[in-house]
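There are structures below to look over.
In the two assemblies presented below, subunit A is common to both, partnered first by subunit B and then by subunit C.
Let's look at the complex of A and B:
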């Protein structure tokens, strides 16, 4: 017969098992994170490798900025600026138009409001590819082809529905009593909106703006088709490094790193809001 | 002089009338309570007064100004909302200061008023907190403070205590009472709680189905309710209503006969009336010969000082509140109905019958 002292008591076993489970979980998380981040790290290290050793696997190499320098001298800065101008403009415009629209749809009580919401969503139902040829022909006709304004219009149309649908629940979550309190405190409708309602939806605004920006920034398809040289964006420029003479891996990697950077920086800046905004979607009154 | 006057104010939502022809005068410096069950239009009336709801017809005056078509911000009112409606992103101090900042009050004056109000309400330690860090009672105080600093002509309170627990409610009720009496401000207070109404009000406006039933002081309403609705709405336990018929100098009902002496209602012989008797206007008869009725007991509830007996007189149910009494199911107790406290109402219209017929 076993004595009590020699057999581990169930109370002692359980925390041990828990600890094991946690360790396995942690290990899994680390492996997964590495797997997800590997391509990014690989890209970044390639961008610093000299051409002779571009696919080298040794971790110790003498980093060089030659690819970045080459990018700086070529057409890439122009494309990069095009990317910034079109994405930022599209995001700002989409927010300026979409946020008040979402607010109006959240607060207004008229019979057609459901229908309007539905039709706004419908604009996103067709696959974007379906719009290519009509857009191409229309842009040729209106002389918007290969212009930044043309791209901004395209990005704006696709972002607007997203902004309205993302922001509406945030406005729904702000109790109307707060706006009424503001009205009694002496605010006009606009003042109440700006000093009470809008600050309360800040997480939503941040999350929505980031998603809009990323959507426009990462677009390759429309930028490829609707631009040629003047307004071509960074993602399109990267493809330009695939040439008859050879594939310029170094420049491709450097350009890719530069394209990634703003999104990462932007996301880190609003990270707190982003998690808040994407996860909650509501505010406690 | 009256601070607030409502003239035949009506409100309809999509052709459904919710407030019908409300006319009211609220004297300066008084506390008026709108009292009624939920859905009676009391909150809608308050919101029309605040300017948060448009008026379908009728006029609203504050002071000498017709404010019917003015925005809330032009009415010089302050309001306490049922859910407090504190700005979650602002601190307590900022919540109170906001209305003053919007109105471009001098910053030193803002600070002075916040200090005064927060001392008055015991908020001095909480000024830097945000609403989510406050308890219900504290939020209530901040909401009051936000209204007080405004120094408005009229204060509107929409069920301000309904979200608090019972104990806190009594405490805050007393504080509101003291504040109003001390500051002498005109207040309009909406509630469905008759105890709040009775204890706070200078005058009560009882509402039902969008109409004002009676406007009077609490005791006047208690002593002389204008109709059956008001009679049964005010007073706990509820007033007993017996259907009786006049026969000569007696009021009779099956297995019940009372001679009210000088308090006979002025109706013809053989006409039915509704007789209202408050549960505490009943005494235990000293002897059987002294009894005016026999109460058959159904339920005996001990409340400590008093005993609430529910039963029936003849076929009609009846409740009475007596000094501590022992009784059990099925007992028949001899009781005396205090005829001088009878209320008579028309059996058809429910309106109060006031003139007595001398015998």
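Let's look at the complex of A and C:
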């Protein structure tokens, strides 16, 4: 009894200490997040600074759109459109082909499924330079070099592997009993797929599409080698600012901000599913 | 599927064949010359630049994987306890991971340029001026590692968070009741549970570090000298600057083989992991 009577003090202290630890942790989190995101925000603010004090450290400055206007007049809009066309087409095509393929892989027990899994893993993992050497020669030969179609084909290949890889676990999670119930109610296989299975995997579809898009959009290497002027994408265009126009930091910052804008917006829109997708896509086969 | 097959298998075969020839774009006659099929691989072993690039690669990979894992795990431990602020931070901290690598390269190129970077200015203001890091041979690789870590640590964070969430509550409770300190709980209860996931995540990061290209392209172009010229970059230079396609192909094949082995290891590990986790839940 006596020992119990003396113990309340630590028990009373504990929640208080916990609350303290929580506050300190939260404060630390805020500082850390700001520090990590500093380069990101810094780039954005540079893009709005007038050229005279482009790297000034005063926080108050009159924002200007001069860098964006300069971009608008150059070749950048064309490259930006190339980026949009290639990434969106590759994503849409990869989803149209890959989702049914993933569904089939999930439902039917193919003997080859382990092989396919391995093959997808290798496509994802192999260094792009290994593909570009033969592709470069093939594209020259087929006159696909420096065309949007050529780039779309390349992105499609990699996106397709990603779609199958990411969507299969989502389909695995939908119980077949639901589809059987739909079949008993008179649904055809296709109808059951579209009105029962597909809606249940909607978050997965969104995350997969976004990750495909990000992957194609962020690509630099293939675009660098497989395009020249006609089909060059926005990331390649940015590099052009370094190489040919001297150090135009303002324009580079503006272009960088524009290039990262869609990716960041998409990522924030589907953030919850993105986390799920990124984790599922990489750990689970 | 057929498209996928043609686009991955055919280049693969072509790459393998080219690797056996001394193909040089400046000299078309070299295209299908199989007289000395292993010549490329022999010269690879004698090529000091190649061997150097492998060494650089090993440095870069080891440093990035270790840093990313440590930072990712530390941040995950901080964010693991759910509060509103930390939940928001969890999504915000993913931003670097989705940014186009080329933009990351530009940001860090600017941040490492002494006269314009707020970081350099801040350090000078604090009385610790730091010289240019990217043009200094002894720090250039570390500067690239830093930028790469900034971009990729969220992946390690995500994996660690996911793994931490799967640690069952009862051993944690038991350890706390037995009076274990937070550090002891982490070391003896949490770490053994999340270690397999960390290993797999580490292998993924290792593979990604082999593919590092845009950051190096933008920030250093392999220099100063060739201190940041990783193997991948060396292949690119051999093929697209010097047109030594045959030689580049054989190095590329070697890279693919190395990556393939790593992928195989991941595949084995994940299927083992699935089994152990299946038996736990």
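In this text, the second predicted complex is superposed on the first by the 251 of 285 C-alpha atoms of A that agree within 3 Å, B and C clash if a C-alpha of one lies under 4 Å from a C-alpha of the other, contacts with A are read in each partner's own complex, and residues count from 1 in each chain.
Please note the rule applied: a residue touches a chain if its C-beta (ideal position, glycine included) is under 8 Å from a C-beta of that chain, and two chains touch if they have at least 3 such contacts.
No experiment lies behind these values; they were computed from the predicted model shown.
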item: More subunit A residues in contact [subunit B versus subunit C]; value: C
item: Partner chain(s) touched by A:125 [first = subunit B, second = subunit C, both, neither]; value: second
item: Contacts of A:181 with subunit B and subunit C, given as first, second, both or neither; value: first
item: Which of subunit B and subunit C A:42 touches, first, second, both or neither; value: second
item: First, second, both or neither for A:199, with subunit B first and subunit C second; value: first
item: Which of subunit B and subunit C A:63 touches, first, second, both or neither; value: neither
item: Touching partner for A:100 - first (subunit B), second (subunit C), both, neither; value: neither
item: Overlapping contact positions on subunit A, where the subunit C interface meets the subunit B interface; value: 283-285
item: Complex contacts: residues of subunit B adjacent to subunit A; value: 50-52, 71-73, 77-79, 81-83, 85-89, 98-99, 102-103, 132, 146, 150
item: Partner subunit A, residues of subunit C touching it in the complex; value: 1, 3-4, 7-8, 10-12, 14-15, 18, 75, 78-79, 81, 83, 85-86, 89-103, 106-108, 110-111, 115-118, 121, 150, 155, 158-159, 162, 197, 200-201, 204, 207, 210-211, 213-214, 217-218, 232, 235-236, 239-240, 245, 248-249, 252-253, 255-256, 259-260, 262-264, 266-267, 270-271, 273-274
item: Subunit B contact footprint on subunit A (complex, rising order); value: 175, 177-178, 180-188, 191, 195-196, 199-200, 283-285
item: Interfacial residue positions of subunit A with respect to subunit C in the complex; value: 22, 25-26, 28-30, 32-33, 36-37, 39-40, 42-43, 46, 54-55, 57, 97, 101, 117-119, 121-123, 125-135, 137-138, 153-154, 156-157, 160-161, 214, 217-218, 220-221, 224-225, 235, 238-239, 242, 249, 252-253, 256, 259-260, 263-264, 266-268, 271-272, 274-275, 278-279, 282-285
